[in-house]
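Got a structure here, written out as structure tokens. Questions coming.
Read from first to last, the chains carry the letters A, B, C and D; within each, the first residue is number 1.
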Amino acid sequence: MSAAREYFAAIRRAVFSLADGLSVTVSYLLRRPVTIQYPDRTAQPVQRLLPERSRGLLEVDVERCTACGLCAKTCPIDCIVVETGKDAAGARLHTRMDVDLGRCMFCGLCVEACPTGAIRHSREFEGGMARVENLLVRFLDAPRPPAKPPKKGEEPPEKPAGSIIRSRLPGAFAPARRCAGGPDAKPGGAA
Amino acid sequence: MRALAEYLAASWQLSPLGRELLSAGLILLTAIVVFAVALLIAALLTWLERRVAGRVQSRVGPNRVGPLGLLQWLADGLKMILKEDVVPAAADRPLFLLAPYPVMIGVFAAFATVPFSQLLIAADLDVGVLYLIAVTSLVVVGILMAGWGSNNKWSLLGGIRSAAQIVAYEVPAALALLSVVVMAGTLSLQSIVAAQGGWPWEWYLLRTPFGFVAFFIYFTAAVAEGNRTPFDLPEAESELVAGYNTEYSGIRFGGFFLGEFANIYLMSAIASALFFGGWQIPGVTPAEQVGSVWWQALGFLVFVAKAGVGCLVVILLRWTFPRLRVDQLTALCYRYLAPGAFLCLVGNALWIVLVPAGSLFERMVGYGMTAVAAALGLWFVLRMRRHMVSTGDRLDLDLFARGHTRAAFDPAWQARAYGRFRRRRPGEAS
Amino acid sequence: MNPTEIQERLGQRLGASLECGGAGADAFVIVPAERWLEAARALREGEGLDFDYLRSLTAVDRPAEGKIDVAAHLFSYKRRHALTLKTRLDRAAPRIASLGAVWPAAHWHERELWEMFGVAIENHPDLRHLLLPEDWPGHPLRKDYAMPERYQGIPTRRPAPLAEPAAGTGPTNTGPKNPPEAP
Amino acid sequence: MSEIVETAGREELILNMGPHHPSTHGVLRFVLHTDGEIMRLARPDIGYLHRGLEKLAEGQSYPGYLPFCDRVNYLEGIFCEQAYAMAVERLLKIEVPPRAEALRTITAELNRIANHHICLGCISMDIGAYTPFVYLLRERERINDLMEALCGNRLTYHYLRLGGVAHDADDAWLKNALAFVDKFERVIPEFESLIGKNEILVRRLAGVASICGADAVAYGLVGPNLRASGVDWDLRRDAPYSFYPRLSFEVPVGKGERGTVGDCYDRFLVRVEEMRQSCRLVRQAIEKLPAGDIRAKVPRVLKIPAGETYACVEGARGELGVYLVSDGSDKPYRLKWRTGSFAAMSIIETVSRGLMIADLVALIASLDVIAPETDR
């Protein structure tokens, strides 16, 4: 008798639990999808949808850099190289400021170490390249005297975030895309 | 079809040979039309499947090729045709190459007897139901060929699972169909449809309690025969990689794929014809339909809509349920479905004998069953509502919504950019 | 039971005075290598000890002392106390008995110990490489391990573009397009 | 079919499951000896994701190794960071400020929920239901957004620092976190309706691959897997650390509701319940969030006194331990990760005898093994 009861109880359980599951999925036919259609059907450029702290590709503002090399020392995987030299008059020259973004693991330790805010994370992330070597970014075009540590309240004006890396990795970023947002469709640029 | 051939032959005054040729040509033409229609249906079903799956999963689904992504199937088909048709070096070549054909033949040949409307049927066979059961069994041959011919162990396991499954589920499917045949007293699909009526209580589904149960048994068994979730063991992705079609690529894979989708429509169409009154329009008798093109067209639409709902349910099942295990699959068949189907057959047979046709009792049962079905539907809708309310989601009837947009995190973020990159001392607020 | 009591009781059972140390959860006992299995059994079955759970089994290479220290972190769910059982092996020919019979969990740890430190495990039923390929040379977690430059003809290091000297002056942007677009 | 071997008059089919197979999460291989669908032996072959994280530690500074911790297990970054940070802090004898401890707890519990999303989703996906996985990923996305807003990254958080945390959470973030918890607690019943109570799922999991408590302890299973086997043990409650002593929660234990204790369904249910408890914990920790510093004073160049310690936290897969040996320099002398997946993987060979192929898939998923954590 109990076997028969269990037989029918199993049928009842199966039918109702399956129907209940089905009611969940059917109800989703009548709810709005949560997808955000990256990259071209977002309200704004995706970079703007990221939170402030988002750790994107590194960029270095050489006009702020004092060439102290703390970032390179802190980097756990040695993806930053800072070199200095002397010019003819014997003054200190900043000769090299390279970041291998192909190696960078976006931990942010260099940014924390930097005393002047010269190295920082942008919110750019679309650095796709055909060859990984191309992600070696040289931020210094020519040797220049390193910046002086700024006095309080006299910090130099800051460049718009993302503008440096965009100019250093040309072609990596897609051209201005059609965004549902409209006029400010130029992602990440100086708005 | 034969009538048409004779009519044309008579009007064109053809010789006996000409008659034969004409008749053969017409058959060929019909076959091509049936094949094309089945292909088109299968292709559109792939679109439906992907859109429904998308929406069910809070996604959007294909929406880039053509309006609403409606041409996605064309792009996919083109892609499949252009892809290389790889044959593994160690495969049993002839078996491997031929395997998709039995699958496609098995499904597409069955379309010949689908009564799309009162007149729109390629061949209204006297043995329609038997023909259907017989010809769809061909699928298993193709899958076994694919499983063995691939010379891949996952494929072999898939093929063997499939054989066990399809052979097992033939039994309840056939018995459930026969319980309708008993009621109608004919094997011809058109006659079975004609024996029902347009109103729900005139359908075989709701005319007797046995028909109601038989429908669910048939539907379950048909899903199993079509290798659809929750019975998709032969191609169980997470277990057998892709089962019998692991080694297939290009258009040969497309053959299996289209066969599967055509099969969904086929099973829904059969269910619609046998249990849901097919093309019958409420309040319009078959005799009234014959003369009018408009009634015919409406009947066609009614049929397609009923079958379409069936397809939708099959698709939703796939995106809802996990799959059974091999032993549970056969246990379900032999412990629950097969005895149930047999009881339905016996029950319907007794019903015919004991309940006089057209009696008040029969009508009352019909009304009662309809009320029960409506109550179940209401329960289902209330459950849906409950889920939506409990998670705080809103009803959104825009079925083709393009998804969400998210506001920017903070429009003034750039103004604060410097502060956030400044090095912070321990304890300093960020 | 507090660590001192455990250490005392183990000493009693082994009939030897053992080198002990550490405090709280990091208390340890050092046993001679040849009494490793015996000590493990005593800890597993000893009255009031009941160390039923082998947390981890690993080693520390100390080339300066010519030793490899093996440490088994033990815990008892029943008594809720912890102990680290240690032994010191000769670095030149480290050998140790398998603890698999006491805690089945030890099997995999010992396979790792064997391939990473080269500690031979006695009576291990299935001593195969665990994490490394079967033909991998050397014992990577030893301090003097040098990574082979190539493995089966495949270089083991990735190219390091940073190693190249600065490319002088002028824009050296290297985008996917060549020549690079002007910024 | 050349590999059908005859052993003791019995034919066995040797199947290679992986390293690329839909249900081996990560890159992982099983060698199956089967008799038809029934398994005689399933032998895991690991190491495909071995990155030498223990060796790498020996060349890193103490703070510099923290970002690597996220890579030990990409699904529970916070726990790995916390275990490592606790080990270093214990050797340094630093007190972490209470606000930092509370923030560690909040992020850790969010991380636990996110991890269980993946686990439960994988269980349902591996037994054939794809949609629950997508729903859980959708919810997980909200956690990722929260973590990104707080830590800066969505997966490899690098949120903890030695002696505290990197960033403070502002009120807006805390409000968002509470909103997530509120919403998510209402999604769990829906998930249960969809799949958790689904008869097919129950039948696929209940009574399958039971691990008894004694075996679980002997093989060193930890966390939800251990609790599912009926062993009532949770480091958060039984060896309290961080902010947990000030929070109240329950520890779910497997009861063998529809099958036997320690079966796959118990492991499933324990995780569902843990997500509920994590929601409670997040809410309490936010309510009790103390004011104050988020980082203790730690010298810039860290030299740690010689010594050794074993620090462990209750990670999403259970006890996640770090055995840290210091020789007084600024680099770890030896670091060993004790991970839950390693133990879980080692028991598969024993448990899987006599199961069917489909059951093995459920077993792997329900043990929540993650290849990077096994291989390190």
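One rule holds in what follows: a contact is a pair of C-beta atoms (placed from the backbone, for glycine too) under 8 Å apart; a residue touches a chain by one contact, two chains touch by 3 or more.
Not measured: the values here are computed from a predicted model.
Peer 1: Of the chains shown, whose Cα mean is nearest the mean of all protein Cα atoms?
Peer 2: D
Peer 1: Which chains touch each other through the most C-beta pairs?
Peer 2: So the pair of chains linked by the most contacts is A-B.
Peer 1: Determine the centre-to-centre distance between chain B and chain D, using the mean Cα coordinates as centres, and give it in whole Å.
Peer 2: Roughly 41 Å, centre to centre.
Peer 1: What whole-number Å value describes the gap between the mean CA coordinates of chain A and chain D?
Peer 2: Chain A and chain D have C-alpha centres separated by 27 Å.
Peer 1: When the C-alpha atoms of chain B and chain C are each averaged to a single point, how far apart are the two points in Å?
Peer 2: From the centre of chain B to the centre of chain C is 58 Å.
Peer 1: Please compute the C-alpha centroid of chain A, do the same for chain B, then give the distance between them in whole Å.
Peer 2: For chain A versus chain B, the centre distance works out to 46 Å.
Peer 1: Taking each residue of chain B in turn, which ones touch at least two of the other chains?
Peer 2: 56-59, 319-321, 387, 409
Peer 1: If you look at chain C, which of its residues touch at least two other chains?
Peer 2: Residues of chain C touching two or more partner chains: there are none.
Peer 1: Can you list the residues of chain D that touch 2 or more other chains?
Peer 2: 131, 138, 149, 167, 190, 193-195, 198, 200
Peer 1: So which chains end up touching which?
Peer 2: Here the touching pairs of chains are A-B, A-C, A-D, B-D, C-D.
Peer 1: Of all residues in chain B, which touch chain D in the complex?
Peer 2: By the definition above, chain B touches chain D via 56-59, 151, 153-154, 156-157, 229-230, 232-233, 236-241, 319-328, 387, 390-392, 409, 426-427, 429-430.
Peer 1: Would you mind writing out the residues of chain D in touch with chain A in their complex?
Peer 2: Checking each residue of chain D against chain A gives 60-61, 63-68, 131, 138, 141, 145, 148-153, 156, 158, 166-167, 190, 193-195, 197-200, 202.
Peer 1: Help me check something: in the complex, which residues belonging to chain D touch chain C?
Peer 2: Where chain D meets chain C, its residues are 46-47, 50, 52, 54-55, 58, 217-220, 231, 233, 238, 308-310, 312, 319, 321, 323, 325, 333-334, 336, 338, 342-343, 345-346, 350, 375-376.
Peer 1: Help me check something: in the complex, which residues belonging to chain A touch chain B?
Peer 2: For this pair, the touching residues of chain A are 11, 18-37, 41-44, 48-53, 111-115, 117, 120-121, 155, 158, 160-161, 180, 191.
Peer 1: In the complex formed with chain B, which residues of chain D make contact?
Peer 2: 1, 3, 13, 15, 21-23, 37, 97, 124-131, 134-135, 138, 149, 163-164, 167-168, 183, 186-187, 189-190, 193-195, 198, 200-201, 203-204, 293-298, 356-359, 361
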